[in-house]
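You will see chain A twice below: alongside chain B first, and alongside chain C after that.
Then we have the complex of A and B:
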């Protein structure tokens, strides 16, 4: 560590990192476009200029992202000369930038917008016409390019070269004719294209999927963990007006995913958002499943389990570590076999960047908790052997398979606690109760490397669902010898 | 106890008929003269360019709204009266509102939306009346809000004038 002075304060700086990182880490604001912590620095935009003096050398303006840290540096990020230099280069960047903010999806989270406000150059001095280039150029299925908005920072080019290491973008032409293009207008390919819209500091590369879906300041953002594979990338779930999930973006986490996430994780939520939810408590009656109260369903479920000889508790790999703990308590209190359905790892889905190909986000947490892992086929067989089964967790019905569930003997007493409604009528089904999905409940998933990923509720769960933790706790206390719910259960019941 | 002394009346006063005639003449002149009460609602209130009535969206000559659903009015509205969803259009402007709702029961006619709009797309009209049998029908959608530009021209000119002065 090297000691330098940033804005009058002595701080420790990593000599392996450029000066801009030392400034950011110590609370000094230095704007930046071409610099990105996850990419190599190039120093092309010059917006990061700061004033540096060292020893008896006179102070000079340098680009903080291309200046290595050296002992005894004195940095002033707020010097008049620094602001002046930034203002000048901002004026050049804005020279050809269209006044697009009202229709630009980046507005509200655009660093060009922020810096233009901060440096306060609201008047345009140029009278020449601005460049006219392609405004909505499709770059494949994921990304739309607006060449007019591009400020030629080359982050996208470097991202493609350095992260997925599949260079596909380039800045072609010279001078005012420079623009970002793909080779011979080929569409982009690969599973990491979505990150381009995050690295682009302006609205030049935007997600097709999110195009005009919402203004970003209307989205409520919550930290969460991606459910698509056992890497468990840290993500932010963004929800519009407590309703639909509109966007999922990577959340920086050096221990798991760095700054990135794959497109399957980013866009995977659509398919689930469209699926009909199970948001009711249903009990088998004379005319099929009939609406009942949640407490009645839980009572029936407890009766069925306590009357059974070979009860089975079969969980999906989407249950959290907390839910697994309660599941184990429940299985201890009623002597039931507790297992989790784990699909095989598809090595074809794996890559060397983030994807593990293992579709169970909490495989490690659940196997470490001591739950028996069953393949979907083995799970169907275990269901056939049991006389009463509780199928629980988000997507548990889907994992065992609708056909397999329909083929189960009718004498099996099956209870389903799932977020999604089954595709059709399942003859063996005795009761079901909706539960919140991964965007609606708190918890922890343990990823493939043992990192604990947090889930936080991003939106309220639909009416008619009941948290799995509450249900498991009440079931365990009914089935335990005491037979009476604990004070905590009653309190939790009251808050519902 | 104070004694009230009765005033001696003159003959003309004692006759009282001239006073009745005077009173009647006032009544009659007011009855047939220029009336000062307004026969609302048959006779609407006069409005000026300064009147801030309900906000309305400007329809351009080509029949499209000027609004690009940027959401700035929605963000500026202190009463949370506006809700907007955007969608893509083939026109060069790329973006237009798919849903634009103003809850007229929430709107406080402050004009912040008009001030926030970068596209000259929303203006305070001179429409002031608001009545219906249920609340839901007072949440105005795109069809109820759109007005052709001439209907708003007086206000548009006034606002442009103010902006120029600033």
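Then we have the complex of A and C:
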């Protein structure tokens, strides 16, 4: 490490990284458009100008993203000359920018907008007509390009070249005729296109999926982990007013996904958001499943397990490490077989960037917890051998398969704890209880490399659901006492 | 003044001067033969080049010998190394390298070979401006002849030294004459200049050590090695020795390319060589060394044409390409012509250059039409100030802004006279006042 001075404070800086990183790492604000930590630096937007002095050389204004860190360097990001140079540069960048922030999806999270408010001049000195280019050019299924908003930072071009390594975008034309295009207007392909809207510092590249869906300042953002594969990319779940998930974006995590995520992970939430939720406690009665209290369902469930000779606890691979721990305790308290449904890894779905092809986000955590792994077919067979089964976890019914569940003998006492309602009536089903999905509960998933990914609730769980952890705790405590639980026990556990 | 010693253009006066036969008849390729057979060591050549004080003729005037010495030591760095000869001569006003390549291509090749020996180069690329079709044809013809004669390729003249020379036509972009843009273009890519550092001597063509030299600089090399640094230093002035090719154009009686010693006064060049300002008119302004160096007041025409003297009057020697404007010329219009050029040629990667060149053009067009205001003149100054100095990756932004700053410092009154004039007060060709653009509303 090299010692340099940033805004009067001596700090350690990595000599392999450009000066702008040392500024950012030490709390100095340096705006940047073309620079992105995950991409190679080009130094073309020129907004990251800071004042540097070194040895006997007089202080000079430099672009921090293309200046190597050198021993003894003294950096001032707040010098008048730095502010002046950045303000000057900003005026050039805004010269042809359409300033259509009120209708721009990026507004509210646009670094050009933020910087213009912070440092720019309120008055526009350019009276000339602005550049007129394509305003909504489709670049395929995922991305729309607004060439007028583009400030030609080339982050998107570099992203395509450097991350998925499928160069598809280029800057064509010279000078003010420059614009981002694909070869002969062909649509973009590949599974990482969504990142383009993240790297775009302005509203030039937007997600078709998110366009006009929400104002970003109305979104509540929570850290979470992607459920689509065992990579478990760190993500941010963005929810509109406690309601629907509107957007999922990668969250920087050098140990897992860097700055990126795949489109499957980014857009996969739609399919789940559309599924009917299981948000009720139901018990088999004279006229099929009837609404009951959650306590009653748990009571019945405990009775069924304690009366069974061959009880089975079958979990989905979406349960968290914490839920798995409680599942093991429950299994120990009642002697039930505990297993988890694990689908095969599809090598066709894997790539060399992030995707593992393994659809079980917590496979490693669950197998390390010692739970027996069963394929969906083996799980169905295990259900057939049991006399009482608790099918638990988000998407557990889906993973065993609706048809397989319907084919189970009616004498099997089946209880379902799932986030989603089964596709139809399952004859063997004795009781079911809704649970929160991955956006609604806290927990930990262990990814393919052993990294612990956190889930945090991004929104409240629907009424009628009950956290799986609470249910497992109650069941374990009831069955450990191997006596009939009292209503008071259950109420106490439920409030934990 | 006449009868000064010449050497650069001497051979071009012979018929078929571009052929190997004629070149050899005048002693051509004897220097490289002597260098290889004697041999004169690479270090001796670089020292001789340093001692000669030759300053690069591509515009910046950087000492050529010093530039060569920046190439990394072969003992510690085994990467292949290259030279790119910058023949992308595209600056408005500059037309000197064209004469050398068309009339004396073998002279350039011999210079390349000596440079290749001195720096241990694996390859030399001569990057020729796309529009210079005849230059390309002649250089390629000369290269073919030289290769057939065993002067280029492997084991040159039986010395064991090998060097490939390639001639590469550009595709018509001024920015590819910027040394790093040129390298990008040679690599087969678009030619936006690369940020420096890293510098070409460490990370050039395909990431290998590279030096980029102008045609005229390399053309001087065989003469310096043959006749010695002392001879060379006796020509010109101490700080800028040697002869230079002065391409003079504009309002003169005899425009053309003249071989002149550095340090000759611009007035002498105009009056004694170029036949004076045409049609007996008065001199109004002149550009010392290509469009990037700006319009200097006619009253400064006594200035000697050498790097330091021209720098002292706030301009640059550049490529020594003088452009003369007579009293009827409008400086605003001339500035507009140059601004259009830079707007057209900006690669567009740096914000200041991409937007600034357009903005300057727009304001100059408004002023020239007579619809501008006094604030526009201040804006020109302010915008140009935002584009320079050294605020961008390459010097094109400076090249666009500095001439305007120079023009404003010498001719501010003329710019201001255009404000609100309704038409150009100098050329006044249309006599029709244009619509008052101040009514046009600002963009929201």
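Everything that follows uses one rule, which is that the second predicted complex is superposed on the first by the 480 of 496 C-alpha atoms of A that agree within 3 Å, B and C clash if a C-alpha of one lies under 4 Å from a C-alpha of the other, contacts with A are read in each partner's own complex, and residues count from 1 in each chain.
By our rule, a residue touches a chain if its C-beta (ideal position, glycine included) is under 8 Å from a C-beta of that chain, and two chains touch if they have at least 3 such contacts.
Remember, predicted model here, so these are calculated numbers, not experimental data.
Trainee: Have a look at chain B and chain C on chain A after the superposition and call it: clash or fit.
Mentor: Result for chain B and chain C: fit.
Trainee: I'd like to know which partner A:93 touches here: chain B for first, chain C for second, both or neither.
Mentor: After superposing on A, A:93 lies in contact with chain C but is clear of chain B.
Trainee: A:372 contacts which: chain B (first), chain C (second), both, neither?
Mentor: A:372: touches no partner chain.
Trainee: Is A:171 contacted by the first partner chain B, the second partner chain C, both or neither?
Mentor: Touch partner of A:171: chain C, not chain B.
Trainee: If we overlay the two complexes on their shared chain A, which of chain B and chain C does A:325 touch? Say first, second, both or neither.
Mentor: In the superposition, A:325 contacts neither chain B nor chain C.
Trainee: Could you look at A:387 and tell me whether it touches chain B, chain C, both or neither (first, second, both, neither)?
Mentor: In the superposition, A:387 contacts neither chain B nor chain C.
Trainee: Is A:215 in contact with chain B, with chain C, with both, or with neither (first, second, both, neither)?
Mentor: After superposition on chain A, A:215 lies in contact with chain B alone.
Trainee: With both complexes overlaid on chain A, does A:351 touch chain B (first), chain C (second), both or neither?
Mentor: So A:351 meets neither chain B nor chain C here.
Trainee: Put chain A at the vertex: what angle do the Cα centres of chain B and chain C make there, to the nearest 10 degrees?
Mentor: 90
Trainee: Going by the contact rule stated at the top, is it chain B or chain C that touches a larger number of residues on chain A?
Mentor: The larger set of chain A residues in touch belongs to C.
Trainee: State whether A:129 touches chain B only (first), chain C only (second), both chains, or neither.
Mentor: It touches chain C, and chain B stays clear.
Trainee: Considering the aligned complexes, could you tell me the closest Cα pair distance between chain B and chain C in angstrom?
Mentor: It is 11 Å, taken between the nearest C-alpha atoms.
Trainee: Once the complexes are superposed, what residues of chain A are shared between the chain B interface and the chain C interface?
Mentor: none
Trainee: Under the stated contact criterion, what part of chain C meets chain A in this complex?
Mentor: The touching residues are 173, 175, 190, 192, 195, 197, 343-359, 362, 379, 385-386, 391-393, 437, 440, 442-444.
Trainee: For a test of understanding, state which residues of chain A touch chain B in their complex under the given definition.
Mentor: 101-103, 107, 135-136, 211-215, 217-218, 241
Trainee: Please output the residues of chain A touching chain C within their complex, sorted ascending.
Mentor: Checking each residue of chain A against chain C gives 41-47, 49, 61, 63, 66, 68, 85, 88-89, 91-93, 95-96, 99, 124-130, 151-152, 154, 170-171, 173-178.
Trainee: Sort out for me which residues of chain B touch chain A in the complex.
Mentor: Against chain A, the touching part of chain B is residues 68-72, 74-75, 83, 85-88, 92-95, 118-119.
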